[in-house]
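Each of the next two complexes has subunit A plus one more chain, namely subunit B in the first and subunit C in the second.
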Partner chain A sequence: MKRLTYKFASIGALALIFLISSSFVKTPSSVSFKCMIQMINYTGEKAYVVVSLIDPDGNYVKTLYVQGDDDEWFPDLKNWWKFSDGSNENIDGITGATIGNGERNIISLAFEPSEIDSGHTIRFESAVENQEYYTVDAEIALNSATIKNKVDGKGYIRYIRMVPNK
Partner chain B sequence: MTPNYKRSIIMILFFMTGLIWVSAQKVENPFLDRDYWASKPSIADIEANISKGHSIFEANGGGFDATTYALFAENPISTIKYLIEKGNDVNKRTHDSRTYIFWAASRGNLEAMEYLVQKGAKLDLKDSHGYSVSSFAVAGGQQDPAIFDFFIANGADFKNEKDHHGADILLVAISRAKDFKLIDYFLGKGLDINTTDNDGNGLFHYAAQGGNIAILKELKKRGVSTSKNATTGENAILFASRGGRGRSNGLQVFEYLEGLGLNANVTSKSGITPLHNLSRSSNDLAILQYFIDKGVNPNAVDEEGNTSLLNAASNNKLEVIKYLSEKTKNIDHTNKDGHSALALAVQNNSGEIVAYLISRGADISILDKKGNNLAYYLLKTRGKPKNFDEKVNILSKAGFDFKKAQGDKSTVWHLAVDKNDIALLKKINAFGADINLKDDQGNTALHYAAMKTNNTEVLKYLIASGADVKSTTEFGETALDLAKENELLARNNVNLEFLN
Partner chain C sequence: MTLSIWRYSHLILAVSSSLFLLVASITGVILSVEPINNKLQPYSISNAEGLSLAETLANINARYDDVISVSQDQNGFVSATVIIDSKNESFYIDPITGDKLGPIIEKAPIYQFATNLHRSLFLKTPGRLFIGLASLLLFFIAVSGIVLIAKRQGGIQRFFSSVVRENYAQYQHVVYSRIVLIPIVILALSGVYLSLLRFQLIPETFITHEIDFDNLQEEPLLDYTNFELLKNTPLSELRDIEYPFSEFVEDYYLIRLKNKEVLLNQYTGAPISEKKYPMVTLASEWATVLHTGQGTILWSIVLGLGSLAVPFLMFTGFAVYFKRPKTNIKNTVPKEKARFVILVGSEGGTTLQYAQLLHSQLLALGKKSYLAMMDDYTTFKSMEHLVVITATYGQGEAPSSAIKFETLLKKHIQKQPYHFSVVGFGSTSYPHFCEFAYETNKLLQTTPKANALIAQVHTVNDRSFEAYTNWATAWGNLVGLNIRLTKPTKLAEKSHKSPFIVLEKTEAQDMIDDTFLLTLKNTNGAQANSGDLLSIVPGSGEQERLYSLGKLDDNIFTISVKRHPEGLCSNYLLQLEKGTTFSASVVANKNFHFPKKAKKTVLIATGTGIGPFLGMIRSNSRKNEIHLYWGGRTEDSLKLYKPFIDNALESGSLTTFIPAYSRTQTEKKYVQHLIKQDGEQIAKVLRKKGCVMICGSIAMQKEVLNELQSICNRYLKKDLSFYQNRKQIKMDCY
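What follows is the complex of A and B.
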């Protein structure tokens, strides 16, 4: 794998961005991370988790990943469903199976340079059948200085870890 | 990446709570035992169990808790009151997202319903199937108008309450109706005899599924449409072929419907024939033959890629599998997920079905769309693998190689670790697959066991079988790092030294 350097003269704050080429990168200018969703060992059905990009005002911008592939349960993720069902976004390509309690899912997330260090966050919302729904199970600031810190979840997620894709 | 031990304080807290947990976990909680509640225990007995450390708030994996079981077993209202007043939230979600009032209503327990509403139970809720409390009461077979008067008195709006398919309470009621009394009751409350669900299916279709000919005749007499749904291509015969949970309709139902001019050789727009439905629910070869005589194609493929044989393969009996196999052109036909009849039988049915399909020439090296082979289906079951030894014998004799990895590079070790069962792991050992292979997420079987097991013996067995404790995940963690984070191991306050 090859490390590439791109210069973004037009974006003052982000003069230099190191980014990593991989098949996940949609456009040469996006920044890609490997993201680990580590679940806790709880009793019950497998959790549905949705990963969304949130703007500085706390609004949903777009869906990044859905862990859970049966749309019958999507309405259980109430806040996200209100947004996603109402928007025209196509989530077919970013949907994966649920994973077992205590297991982890490693996904790839890509962002536009403008979404980084500009007050955006990545929100992890979760629901389990017959059990509590977490509007915000975990939330990570899209801040290049802190993004590698492990962030603990409040619900079914034990923690989230992000590292740049390489 | 170096391991991160930031959570040590949390871990210490876990160990401390673990001490309390262990005492409660050692003995099964009697409050989660159906039989305990069937004995209708006294309040004194319940309190004695609470003082032994058992929780009346806890739910099991299915989402059932003490109050739910107490309602199932028709315990006296004083017991229900006790459980609520001790702190069980009256609107707590249990199995299928139902609150206590759903269970009380489905049992026709008006006394409990009145008490729960008085305590603030909400009636404008839906369960995970989209049923309202009143629809669930009907689905549970309740026919007493007093129960439905209660819902109306508490604000129910029968005309506008619909399930996920858009079915109102009248449609839910008709397939279970024993006579027309409750139907007339709902009609008297303003519901429409020509009601339909979102797909345009009306009372006659729902009643056909229930298979009560007297009800069907009454609907026809009252002018309800008996004709085919032009949008979905379904007719009443196709609905009747569905049957209910573990119940299928008899020949006389189909003959009656045919007598109305409905075509038995029917295929819905999604490609489903009566044989697709009957092959799941019926083991009556005379009925299967009846539809074949009417021209229904036993090799018809529906939208999902399923044939009648595939539908039968999971649960039906040998005589049905034989009957359909003999009429099947391609024994290795797969549906859109890549399931063959053999894969489904390996997963869910008996050894005799597996042996039979192999004897008919079914391919033992078949892979599904994700590249999973038959070992995946043998081990990927809800609960314990069924007839494991017998199926292993049959597959081995046929030349199946259990060492082959799946599409995601996982091995039989990865698959077996999920069951958390040493006896099973010992059987896996005999296959001789490499225990240290990583799946495409970069984890070994030991990594998964360290994340998930509550039993250190499982970890010790894997190590004794050659698992490498030094192997790391893509995030640089060893099995020890993962085991330290595992809440279940922490709760049991175990020594993890052996992972060093």
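What follows is the complex of A and C.
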């Protein structure tokens, strides 16, 4: 009977330690940026833009944001779709409305501290119905020194700007 | 000529676009629900319109740290995009309290599906092209439809007057298309506009702001609540406002109002750039709202109904096309050998059916008859008799099978002399009653070798089989043939035989002008009103005769009969003894019932035509004003009806009785003369929505209608057909 009590107490203590330590692991808060996607003036339908995190080797790590709400058109963004659809990624909750010619969209992007200053980049790829698909419309190095610099796009994006969130 | 082109185009356009239109209209009906559904969401804040932008932003900023934008949609719902826990969130808010009201309405999968199908049939760009074209075709269908209705109704000014009913499909097609014309035209045109925009055939112009970044000032610093524009612009003007992206002075407030875009310096509130939206942008917005009904429930409902009408009109339209009897006439006699040639001018094919009756009767009598359309007119080497049976289209135009007739008549001159007669089919509720028949008659009169057998055109109103068969018999007598047309089963009304007992009868020796009255009692509870007809078949295999009923009491009726020396039926009735039972059937004749609502009524009859009126007067227990005009030969002629009339005058169920006798005065007086005399009073009755009822011979009807026409023109400044359409003129003539 006595031994059983000890056993329960030790399990309880262990659990407590584990809980505390695990909550410590979680807290190193993610770094959040406000990101503005400014479109060029073009004619045609509204653009689909996907924002993804790319590792130093140039591979997709995860999808950060999908500007486009009708999955009928997702396959048009070929490279990303191969990764996202192929890895069964859940992108619910990170999609938003498309924007068109000359408009801008402001989104919030969050990263793990480990992803910053470690050679990762943020890639913006874009497509418009019946028009060209840009595998890399714009790409920003996830580098704390240069991240505030305006980066020009090559396709439907005029430029991307990022500032740290308040 | 023009008619067939319009009709042909209308059909071809409809056929070629039918599949696309069907898809677009059904999805359109579904999509019309979406804006209604959205508008009904509880995100509208009733007293928020008065807020200024400055107040709105202050209310929102008080609740959220990092606001990205504030927008207002077509429904007047205000939403905000804010960053919460480093995530973008958009939701509807209360602009007064800043409270979150609910998530942004997502397009339900059904609407997403319907939208894609509606826009592009899931075929992407080619699909959009097809739908755009179908939209354009729909517009052309509507235009050709307007022309066809105008032609059918006899002029654009009669566009909305009542439609003559030929059959279900035709009637519904015309009636409904007139109602939904406006939404359909708007849907079609806005659809075309949106397609043109999509294919960049209408160039879109965009606002571009030029910003002088070097001269942006950070002073004098002003709180945003004091910015002029934000203070003075009401929330109702707002489309959306984007907050400055960062605290750099290069970042500004981007404010989109209903008519312009303004950039505001985030520190001083000074406008950096202000641009009005170009016309194309505003026009495109209007096209979108008109096409989708966004933001208005009422218009969405109108559009939904308009969309719903398209499949209905397609269905009825094709039904009209397929029901129109095809003119496949089989002639057993070659045209070179035919002694009788019947030519038909028909629009819907009804006239042709009647012509076929005569044709087959002639063939049955062993006569060589040839039936063709008027446009088949050519040289007929053996023709002795030409019968033209024709309808009239619209404003006295030729019906579709008689368009070339005039030219052909002049081109093919017959070598041998021949007789002709013309029968006109039409409805007196149109202003140009049988006009084409009259014109044809005139034309034939001036044609070489053609001699009129009957100088006048015989007209048949509202497909009256009786009028037609009367003509056929008369014509037969002139050409030495015994023509007895039988009503085809299709045209025959369903009737049930029912027994009648003779209660009273004028004895043969008491007859005046060979006229007698029969009082009958129905013993089987057959329902009939004064004005309905009694169909009597005098012997087996004989043709039915119709008598107008006057209802004297429940189950008790009177008929007034003129005995013809050779008349089978009149002699049959005359020899019936009191108390004998015979069978007959009641045929409803709703168009000749006594008006329930009219306060004043004028009844006009000659001879036995008074029969139904006797019943109507008897039933006038409310003592509404009734004026009876009656034409007879002599004062003696009245004897038969005198007790009845004196009685009615005394009891007040008849107001006045005005007789005309054609054989007593030195100057013959006919009932139409009375009408002319009392024109002003009759005009008054018509103006007060009273009713004029005419019963008697066709000849009298014609004269009386002429008088009524001039009364309408003179006192009421309207065409007689105006009152006929309102059922203020009712006729039963034979």
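Note that in this section the second predicted complex is superposed on the first by the 138 of 166 C-alpha atoms of A that agree within 3 Å, B and C clash if a C-alpha of one lies under 4 Å from a C-alpha of the other, contacts with A are read in each partner's own complex, and residues count from 1 in each chain.
Assume a contact is a pair of C-beta atoms (placed from the backbone, for glycine too) under 8 Å apart; a residue touches a chain by one contact, two chains touch by 3 or more.
Please read all numbers here as calculations on a predicted model, not as lab measurements.
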Clash-or-fit label for the pair subunit B, subunit C on subunit A: clash
Which of subunit B and subunit C A:85 touches, first, second, both or neither: neither
Which of subunit B and subunit C A:158 touches, first, second, both or neither: first
Partner chain in contact with A:110 - subunit B first, subunit C second, else both or neither: second
Touching partner for A:32 - first (subunit B), second (subunit C), both, neither: second
Subunit B versus subunit C as contact partner of A:131, first or second or both or neither: first
Subunit B versus subunit C as contact partner of A:96, first or second or both or neither: second
Stretch in clash, subunit C with subunit B, out of 22-30, 598-606 or 616-624: 22-30
Residues of subunit A at both interfaces, subunit B in one complex, subunit C in the other: 34, 36, 41, 43-44, 72, 101-102, 104, 106, 129-130, 161, 163
Subunit A-facing residues of subunit C, complex: 65-66, 68-69, 81, 83, 86-88, 90, 106-107, 112, 116, 124-125, 200, 204, 206-208, 242, 245-246, 254
Residue ranges of subunit B touching subunit A (in the complex, touch as defined): 1, 4, 6-7, 59-61, 63, 93-97, 128, 164, 418, 441-442, 448, 451-452, 454, 474-475, 485-488
Residue ranges of subunit A touching subunit C (in the complex, touch as defined): 30, 32, 34, 36, 41, 43-44, 69-70, 72, 96, 101-102, 104, 106-108, 110, 129-130, 161, 163, 165-166
Of all residues in subunit A, those that touch subunit B in their complex: 34, 36, 38, 40-45, 72-73, 76, 100-106, 129-131, 150, 152, 158, 161, 163
